[in-house]
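Scrolling down, you'll hit the structures one after another.
Both complexes shown next keep chain A, but they swap its partner, so chain B is in the first and chain C is in the second.
For the complex of A and B:
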């Protein structure tokens, strides 16, 4: 290799490396800030941070995030209960009836949901569920999150169903199994890893969303779950709300809550990565 | 004896290209009918048309009448038709995420053919014995079919088909991708089964056709070139 080409090659490698570093630096800074500040809060409060109630704004302690954490878990669960079957059946329609006008229309529609700002989904659910009932509720939050996670779950379920080998499809139908039996007893069995991954992706999305909850759940930080038709808390909304306050102890609690949220997300992501490996 | 399958004036097109031309054929019951012809002659298409599996292919249309066990295939419930005339593909295609036992059991379970677990165990064992596979897998029924050789997997697919107690077995070059020893075993299985069901076997292997055919059909370019009982 000539000297000129050697230096060009080196320069290219260094440029790529620097840009890659620049790309991951913000992520590294955010994560380290959350781990350091959030860790400080959690260590100072102890386990009470996970199940305790918030302290008063002028207290010296950050208090706990118990109601918000339980609220988040309930909302994640409910959004998957609502969103997964919808996404699954929609993906079945798109994969099993690819030539149908309805299948193609729904495919485009659901995928376009990925691009819609999630705050608009919050506004939609606000006008459909919160205004008519007259109060914020867990239901409204769960429906908003279900709409948000639907296209993500749909995309992964669709990929999982499309990855089923043609031979397996042929085998199922040649045994005289109906389309419904083939889907629910054979194809889901063959694609279970992908279907589970879809659920984890949905949970991860639901765990971190704030915008759809702004107009739907009411942000109840002080009492544990009181029913589906009552206001409820959620960790992302608590972080948002606490950050806007002028109180130092609430800022500390927001750092701690951020670390909790990060741990939830990373746990789901770790399982997702494990399942994604062939 | 009435034919198990009676095809009259069958013409079939896939994406406006005609694959089968004026096929008329009577498949005698409880005999081995061998359909032989070069690759691309329409043998597999003909086989899949008998139980309407061809309808899973995009843009297919056909004219003519096919009667299975005396009934027009369009009058059958399509799933019942496919259970009665079961198709076994050229490439072994066991369900990879199910165990060997589950592969055989799934058909009887989903068609509500069994009363209880003991009944299911009996059917699974019977089907594996009929496919001459029982002795090789009886101690590893809980394992996935990936541990089996290609020939064993194909016999597992035959066992899976037999578990449905079909009246017609449609085999699409079942020995095309497997070794001579397993080919011999599958041929033995078919010879044993012909007293219990009608067998239609597609092959391009002349020696195999000679060994098995009681009724031989030669197909070329989507047309039947000759058809007759073996020895005619």
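For the complex of A and C:
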């Protein structure tokens, strides 16, 4: 090989590696910034940060994120309660009845939900649920979140159902089980790993979404959960709101809340990864 | 308001039309991308058909890359069994279904002759010097009954006047199949039909008791291959095999006397002629739904000067109903066989004569798409699932109609000006004076999104190349995990970090220096006042969109067949040169990835809203604050209730975002799919 070609080859490799490293650097910078700044906040406030109430912008303390944290957990739970059965049933419809018109249409429709900007979903739920009921509510936020996470859960459930070996299907049918029984007693066991990862991906998504909550949950920072039809807080919305304020102590609280959110997200992702790659 | 009331019917009609059009357009990307997975068709049966199907499959696959056909040569009997047990989608069978089986499945199955074959009588007589042996049914019957003992028997001499002195006084070794076989059935049936009663009907079948065995001169061979090897290695022997075997192993093939009294050799012409004449007997059904069990009567020992007497059809048996995709795929395959498959028949077999081909054409029309054989309670279960499907459909319809309904007032107020003007004039208590133009945030959206894909492209492409071409397996999965974490990281974290941390550095270390150096270029032409600018938003959006882009490009690289890489390396190319070739191949994928990423970037709200500065302004320069449509909605929607038309204007902005998303994603997915099928 001529020296010229050799040199070009090496140069290309170096360029590719440099650009690639530049591409993933932000992740580590973001994570370390969050860990350092958020860690500082949490250490200075102490455990109160997790259950305390926010402080005044005039004080120097970042205060706590208690109501928002509880609100976030409730919203995640609610959005899965609404979104998962819907995703599961529509996936069954699409996988088990692909020859029906609805079965084919539903597949395309659910996946198209990804194309709707999440802020739009928030705005639409606002005018469909918040305006008619007259107040912001946990329900409205959960519905918006459920619609946002629906296509993600759906895709994972679909993959899980499609990966069931033909042998298992035939074996189940030949036992005389109906399609419904086969799905609920046999296939769900066979694909439980995939069905669980679908749930985790839904939870991880729901934990971090902000735009759908902007006009739906109202944002409660000082009051804990009051009921499903009452406004509620959420960590991502708190971070967003605090970041937009000019107060240093709120910025500190935003860093701390970011660390909490990061930990929730990373732990869900770790379990997801562990389950999906045995 | 009065005008709305007067035209409400027309408006209602238009709205419904709009909704339908939007749903349709919104689902096009999915329709383009979905439902085009590979369709697998499985079959099994006749061993002969395996070679022929393999020959056809390779050609057919080039025309229909999304259909693959698998076939196992397990024998006709086992093939039928597997087919009726629904283990396979079709079966290849040399004999047609028996009358009894046909009655059982009548109306649910289609039988179609697919190609013509023949049984050749082969012999091994040293010293004939290239002369062809001529035989007829009577002589053959007597040989296989054991009545003719030597090759120089007077009956044989009589039919071979030219070589009577060459026939040796040697004992005839009579070879037959030891296993159950369709070939034996056809051969013995020929003996029965052509020997004037010498060969009894009870000796017709797949596996019979051979009278010649009792004389000690009979030999059994397993399969066509077994017979070939015995005849080849045993002087003065005679046997019968499928013609293709006789041709492939270069054995001497006897001329047989046909019904019209002529001695013919088996070749394409004589086989097709036999098929044609069989079709004229009226014993063959004209439709694939008919009973083919009397087919042998028609084709074996059929009339006609040029007909080869031991000819037969090979069949494909299919269901009359399949799930939609399979029905289409099988139909495509059968149509292709009729139109092009004919020209690729392997030696030893012959294409169908015209009238028989009609049966296949008819079958293609008869295959229906429908449910699989129904199972108990299925219908009920499907009905139970319907509400869930209906919910998703309802979500879509309600969303789109709300979007349209709510943006209607601004269109009635100022028409399409909402997209072409850049005034933003909210006035309280005087709706007539309100004016909202979305041009500035629309430009902002495009500017920020383009900046984002420009920023993310070099690292995105590099990461994809590195993961796929350079990294060892272990590191590869680590890198993929990192990309996945990046892709799923809550956007508010990116936004917060950019807003509280990155923005100030960008301003002092990047924006101010590049303004000072490049002030003469308009987009760098202004001094950044605040850290929150279009530029900042573009950077953070670029970082966020990069993992999504990597996924798309990786998906593309993985579609390239490995043989292209191997070809490049075997030419002595360096990795760089190889990757250059791969990248040239992938150009459509890269364009598609950029388009899809652009669509994603345009819809992102939170991170942009935290970094763009939220100012109504046409950003001619990158270092000024601005708005995107989504950040405008996030910022203004909460206050829009004070005004009459602002909410509606924001909905119109949402409509723009949705349309932009539909256009970019349908174009992107279309390019992607077209490329995938062409690779």
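Throughout what follows, the second predicted complex is superposed on the first by the 275 of 278 C-alpha atoms of A that agree within 3 Å, B and C clash if a C-alpha of one lies under 4 Å from a C-alpha of the other, contacts with A are read in each partner's own complex, and residues count from 1 in each chain.
Quick note on the criterion: contacts are C-beta pairs under 8 Å (C-beta built on N, C-alpha and C of every residue); 3 or more make two chains touch, one makes a residue touch a chain.
These numbers were taken from a predicted model, which means no experiment stands behind them.
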{"item": "Fit-or-clash call for chain B and chain C when the two complexes are aligned on chain A", "value": "clash"}
{"item": "Touching partner for A:210 - first (chain B), second (chain C), both, neither", "value": "second"}
{"item": "Which superposed partner A:173 touches (first chain B, second chain C, both, neither)", "value": "both"}
{"item": "Touching partner for A:89 - first (chain B), second (chain C), both, neither", "value": "second"}
{"item": "First (chain B), second (chain C), both or neither touched by A:190", "value": "first"}
{"item": "Of chain C and chain B, partner touching more chain A residues", "value": "C"}
{"item": "Stretch of chain C penetrating chain B in the combined three-chain arrangement, among 55-63, 73-81, 307-315 or 487-495", "value": "73-81"}
{"item": "Chain B/chain C common contact set on chain A", "value": "99, 170, 173, 178, 181"}
{"item": "Contact set on chain A toward chain C in their complex", "value": "1, 5-6, 8-9, 11-13, 15-20, 22-24, 26-27, 29-30, 33-34, 85-86, 89-90, 92-93, 97-100, 102-113, 115-121, 123-124, 126-128, 147, 150, 170, 173, 178-181, 204-205, 207-211, 214-215, 236, 239-240, 243-244, 251, 254-255, 258, 261-262, 265-266, 269, 273, 277"}
{"item": "In the complex with chain A, residue positions of chain B that touch it", "value": "51, 53, 56, 58, 79-84, 86-89, 91, 93-98, 106-107, 110-111, 157, 160-161, 164"}
{"item": "Complex interface listing, chain C residues touching chain A", "value": "26-27, 29-31, 33-35, 87, 323-325, 369-372, 375-378, 380-382, 384-386, 388-389, 391-393, 395-396, 398-399, 402-403, 406, 456, 458-463, 465-466, 470, 477, 479, 481-486, 488-497, 499-501, 543, 546, 550, 572, 574-577, 579, 599, 602-606, 609-610, 630, 633-634, 637-638, 650-651, 654, 657-658, 661-662, 665"}
{"item": "Partner chain B, residues of chain A touching it in the complex", "value": "99, 165, 167-178, 181, 185-186, 189-190, 192"}
